[in-house]
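Following this line, the structures themselves.
One chain, subunit A, appears in both complexes that follow, with subunit B as partner in the first and subunit C in the second.
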Partner chain A sequence: MAYENLAFLIPLLPALAFAITFFVGKKTPYGGGLIPIFAIAASFLISLMITIGLLQNPDQVISQSYHWFAIFNLGILIDPLAAVMLTMVAFVSLLIHIYSVGYMSHDPAKSRYFAETSLFTASMLSLVLSDNILQLFISWELVGLCSYLLIGFWYQKPSAASAAKKAFLTTRVGDVMFLAGIIVLFADLFKLVNGSIPDGVYLLRFDEIFSYIPEIAAMNATILGFEVSHLTIITLLFFGGAVGKSGQFPLHVWLPDAMEGPTTVSALIHAATMVTAGVYLVARTFPMFIAAPQSLIIVAYVGAFTALFAATMGLVMNDLKRVLAYSTISQLGYMMLGLGMGAVVGAEAVGVSIFHLISHAFFKALLFLCAGSVIHAVGTHDMRELGGVAKVMPITAATMVAASLALAGFGIPGTSIGSTGFFSKDPIIENAYLFGEHAGNWFPYLFAIVAALLTSLYIFRLLFMTFAGKPRTNYGGHESPASMTVPLSILGILALFFGAIVVEPLNKFVSGTFVNNFVNMDIPALAEVGNYELVHHAGHEPLLIQWMPVIVAIIGLLITFVIYYQKAIDMSRFVSKDNVVYKLLYNRYYQNEIFTRLFAVRFVYEGLAMAGYHIDRFIDGIVNVISYLTIEAGDSFRKIQTGVIQHYSVAVITGVSLLVILIKLVMEVF
Partner chain B sequence: MIPLNWYLALSAIIFSIGLYGFISQKNGIRILMCVELMLNSANINLVAFSSYNDDMSGQVFALFSIALAAAEAAIGFAIMMSIYRMRDAINLDELNLLRW
Partner chain C sequence: MLPVLSLIVLIPLLFSAFAFLTKTREQARVVALMGTLITLILTLYMYFSFDSSSAAMQFEEMASWIPSLGINYHLGVDGVSMPLILLNAIVIPLLILFTWNDVRSASNRFYGLILAMQGAVIGVFISLDFFLFYIFWELTLIPLFFMVNIWGGPNKRHASMKFFIYTHVASLVMLLGIFGLYFAAWDQTGVANMGITHLVSQFPMIGSGIARDAIFLALLFGFLVKLPIVPFHSWLPDAYAEAPTAGSVLFILLKIAGYGIFRVILPMLPATGTPDMMITILGLLGSVSIVYGAFLALSQKDLKRMVAYSSVSHMGFVTLGAAGLVTLSISGAMFQQFSHGLILSIMFMSVGVIQASTGTRIINDLGGLATKMPKLAVIMMLAFMASLGLPGLTGFIAEFMVFTFSYVNVPTFVILALFGVVITAGYHLWAMQRTMFGVYNGKIGEVFDLSNVQTFSMAVIALLVLYFGLNPSPVLDMMITASNEIVSLMAAMGV
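On to the complex of A and B.
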């Protein structure tokens, strides 16, 4: 078990690579690509070794803690949840870095690109393995910063610059809520230990936080006349942070615009890793959520609604990357829904949701990289200008089909045949069914199943429009170089076969993340604190329910096949400015307009302008009075300076004489 | 032996002459000369006290002071020279470039 001593290197190596690449990147091979690749490869190997070690001995998690300052610590916690996340992040990041060598080969600023992506990888890895919520928050902000930098990578483009700003500001709303949650939590913990903290106890470490859950749940506050538990407030604030970071409704607006960055960035940050930070946060603090009445249900509702809401918009987008962006939002919704279903299945929900996170990372990174391959070769990402790409780029097309099958969730229930997406999405939908059966509330299930149909519709629409049929415009094109197709193929194989092999052990592994030598949580008891009743997931739902996700996926495939391949129905009748539904979807429910016109312009901009005007007048007044007094004083006093040297000497001599007289007088007195 | 008071009186008279000249004159050269007078009156004091107290350090101090005065005079006259070349006058009343 020598590997656990190397755990601190996991985030440190990419951070070091960032420093080197940032300063001398242009002089290193492949425009600075090589050092980050080796650093991340090393991180990946260490994480993999640690994960394998943990798999054999899941109770002995790695937990190292170092004093930082005052009552805070820096620490490493690698439990099953963190281990699989670490391995996934490092692995996807490694593949994308290799792919980037080819994809970014023409970009003059590629050393900056590699520096920023390795900084991102470092902060994401440190986010995953922090053992206290403060360190997690710091990494969380760093990740947000990298996202900002990389969205605005082509800062010469005004649209990229404004997209970067939008992403930063929107996620900031969530970040502030997260910070507020941490502050409330810390205040409560401080009160619970009566203000005296024993040496060596760090209140914000997860094990300490979790040990106080029942006490925090018992603290009540009254907000707007409602009696709310402090735990509910804290968890909702945490979830607010997750909503911002993971692009949940209503803070999802930044994610589609984030596609202004290089496609590899979209794949790395806005599909596979950073946006899952919110999901990870909820999973990490899951014991708090399950003990908080209402919070978990809100997580489930927001997740389910987002899954459906984003999928409808994905249907009408014409931009390759935007379809994938909405697809990401929708899948993140599924993950949140999966966590919310902890209300009925307990800690198992964490396993299910994290497994979907991992499988999503594989197939969504793959989808983006395929799209990047197409864009790199063809030079456009408008699907209306494409078509028939499969003939030019067979490897890309094949991997894209694999990724689409995984996203739509094709597989045969009851057997071990199926794509990774099938094994990860099905349990979420089944849990939603269990929730409906148990709580008599069918909305999450309904949303999830309709979203599954829409998922299949939009992804096969994309597939048929881009890769099948005849080219709609003249574009030159060629298959991408090996540095791009090799990562594609690896991800393609993972997207198809990974799930079938690991689904059972991985779910069990991650679900056990709260029972080990670091924390030992009694999840059912906590659920009772939150007034939830857990049922054991038995897997004997009606056959129709088990088949339902696959059936809707096939229906979606058939519909798109008929419309976009055989062209049996003329879509131009529906796709027009006269169709109200189309217009609503195409304009993204006018949410941007509502946010900008009503909120940003009317409220923030004009409000700020008004407030700014009055504050300005007040401060201006003070400043003006001071400057007026100074000018006037100077004006009258400057007459003293005659410029005649004798006047000065008289003044000096008079002064000296007076001084002498004074000293004489003083000496006589004493 | 001449009493100490006489030296001090001489020094005071020379200092007053220098001071009067410094205040009343407008010619730069004269002013510099008056400054020299004041400096040297102080030197007389130093030497007088040195002799009176039988302590050599006063005379050493006077030597330093004379050396400094020489340097100061050299710089002062050099400045006056360049002012004269530039402005064709060494009347200090007319040198009011930095005045308001």
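On to the complex of A and C.
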């Protein structure tokens, strides 16, 4: 397999494209767009060839390590999990870069845009192929930087500058937890090797970490009176990082605001790739999670809750992109839930969740790009001003319908007919059912089903309000150029047909990612360490349960059809400031007030920082008082300065004698 | 062999004298640039012939000076001092370029003081004799005092006096510590010797635990005030903020206190009467400084004071890493000194440019500068990101090493310090947003971007921040060797 020698080029080519575009982008074709496109296309081809090679021999993974500094390494690990992620990231990034050439054509700063998106792609690819947790963390921070820069791309807009800062800071809270997790993990590993690390051994490489899982799980710490396994602490800290990055409750607040960036950025970073890094982290360290008591359950709960919670807010937004943002949060919740279901299905959960990640990347990138196409053409993203767009933009509308069907999960259970989203979301919900049946805990399943209903409601509401009916304002508009519609069509096809073809092999391929020449994990044995009881599920759920997700999706479609297409129900009673529920949803549960105004401004800035300010004035005051007293004392001592030589000589002699006595005394003490 | 260590101290001092003798600013800046370039070439020669794998003193020079008191002219470098000398030798010529067209403050005396400062600081790093060490240590005060006192802001008199007296008193306490050590060792061995290594190795022989603690604390106090660490930091915001840009950068390059901690404090620590308490002091003050400094930075309205407090916060990593007591935490602390010197130099230069261009440093009076000053925006963004610890830049390497490896021995303080990380990101981004982004504040009037020399000098430092962030080994390896030596010295002292 000669392609493995090219693996290092996967992140390196986009990084080079960044450097070139950053310095001389303005002078290159398409305002700097062409070089990144070629670089990413090359990365995509290499990833694809490696993936194809790996499909033949899934247990012969690519693993290369180089010494970096001190006891750390940089390295490449391309196992099935990384391979499919790499291919997806490079592919989506490539399409979005092509689309951007059209979308950003009028922006004077487009070379900066392409430089930053190239850097993002490089960092994201490096994140995916890291063979150690430190490199993963570093790339994790770099994608965060790119997200910050790109949300604030139009930095002259105060709202964009503010959203960028909010995104960075909120995810930073998660990042610190992730960092703390690495620190605790390292300390444990350091203890387990008795403080001496042999040359050439890199403790933070995944194979090393995984080989110490049982020992770390056996270490206990007492927190607030509870005995907690170190592994639970570490994995939950990692999960904290994932919560920040992947917009899980309660650190999801930055993601809707992140829509201030260009729509292509929302599609690439805040839908398809970066926000899934948290899911990828949990999947990557899955052997740790499954050996950590409680961790997977918490992952499942947070995921299920987020899926539902975000969907409720998606129902009432009037901004195209914000609906999609809440939808992304909700779908990320599904992915987390999918991983959490490892508590009953073991490693299969990784395959299921990652498949939903890939499928979501296609249909959500598509949704955003369609929205971008509309915004590009008509210049507004307020759905109340739109309507009837399908007539002017038929291709965009058709692909949007495809994406919506995928998001809502339309398909026929028991057959191989269905959208990609159907094949990816259904197994997650089924596993949640299995979890309910097996563990007697039905919350994850209920949340997932209700969220599925809401998903269908908000996406068809969006579809009908934007594309159907008559224009509500005079917005003009036209179909977008080919550089935009071609990527849309490719993604549309993928959103509809990709799942049916690859679901079985892909799930199996990714689920087997922990058994190869790099690591050889016995997941069922680890599950015993973590006190999870795995069951073999044969797909024998009752027919109603199999049909349930599709039924709720159809119900959602019908309701929105009646309300927003036929306009048979007057919504004005509900959509008003007097309705408490509407107000609560519309104001997003007042999270902005709680997080930004109350916590960040009142507590941290006006409380803690200002308290510090006054304390510091006090400390400074003490110093000034001491100096004042010294000056006063000096003034009084000035009276000794008589100018009479005799007085001085007496003083000198006394002083010297005292000094000698003092030194003698000190010597005695020694 | 060429007495290269003597030369890198004497050449700046000599050129300092030349600069004072010149008549005009134009002559002085050429003299200054020449002097610092010669120093840079010699330093680079030293750096490239330096053996990173050896913990021994290199380029050693030794001559008897005052034999009756055991005072020698003894110079040498190892992995503790080499990176810091390199830092000074690289940044100071760039600083001179940065002020090349600064008509407002730069005069012949100005350049004379910069050169004197460089000689004095390098002198501290290479002295292996306490007597010499203390002379250079005190010598560093003088250029800084005049720098603030002559070219400082509106509050310059107060700030310069406060800085001078505060740190001078601390130096005197440190001197008492040196004397205590010197006389006790003399008493012990019957031989007078001011050698730093000798005195440190004699420290455990002192009989009384209280005396050892007293000597140790006196030395520690001197270093902590100079570093500075909370609560002895209150001279810093005034001095840094009132100083002209070049003065602030010189303050940043004054890494002598951290150096003292590695050279003197750490090897002595296990032999104190109460080592656990001393570790607690170092670790606690370190993490308190990190968090407290970050909150203070957040509360500032003046951009320069914000940067000054961020410096307090960053210095916390030096003592926290030292308190970690393992090779890699100590190396991380050393790397923090190096990294901080580079990053904060750019940050102070950025603030200086903003002030010169807009006439204000008040964050709320600025806004939208990125549109008018794109070059500054890029470089300043890189420096701010480095300062908040973004991976790929030097700050992260240092902070990550300090956090990770200190956790092994002082977990509580590391957890405490981690709370500072988000706040640190907060004030950096907040300041960036208010000054560079948003709508351009029309009240500022016409502004100009970086001049070519300014761009050059800031970009070179920025590239170093990036280079050593991606590949820290060229300086980190020698730090690791030196830290290993410190750890084995500590082991020899017996914890």
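Here are some notes:
Please note the rule applied: the second predicted complex is superposed on the first by the 614 of 670 C-alpha atoms of A that agree within 3 Å, B and C clash if a C-alpha of one lies under 4 Å from a C-alpha of the other, contacts with A are read in each partner's own complex, and residues count from 1 in each chain.
Throughout what follows, a contact is a pair of C-beta atoms (placed from the backbone, for glycine too) under 8 Å apart; a residue touches a chain by one contact, two chains touch by 3 or more.
Keep in mind that this is a model prediction, so the values were computed, not measured.
One of subunit B and subunit C touches more residues of subunit A, and that partner is C.
Residue contacts after overlaying the shared chain place A:179 against subunit C, while subunit B stays out of touching range.
Shared-chain residue A:613: touches subunit C; no touch with subunit B. Of the two partner chains placed by superposition, A:415 touches none, neither subunit B nor subunit C. When the two complexes are overlaid on their common chain A, residue A:627 makes contact with subunit C while staying clear of subunit B. Once the two complexes are overlaid on the shared chain, A:646 sits against subunit B while remaining clear of subunit C. Interface residues of subunit B, counted against subunit A in their complex, comprise 19, 22-24, 26, 31, 92-93, 95-96, 98-100.
Subunit A meets subunit C in the complex at residues 68-71, 134, 137-138, 141-142, 145, 148, 152, 155-158, 160-162, 164-165, 168-169, 172-173, 176, 179-180, 182-184, 186-187, 190-191, 195, 604-605, 608-613, 616, 619-620, 623, 627, 663, 666-667, 669-670.
Across the interface of their complex, subunit B is touched by residues 638-639, 641-646, 649-650, 653 of subunit A. Here subunit C touches subunit A in the complex through residues 162, 165-166, 180, 183-184, 187, 206-208, 210-211, 231, 234-235, 292, 295-296, 298-299, 326, 328, 331, 368, 370-371, 385, 390-392, 396-397, 400-401, 403-404, 407-408, 411, 414-415, 418, 421-423, 425-426, 429-430, 432-433, 436-440, 471-473, 476, 480, going by the rule given at the top.
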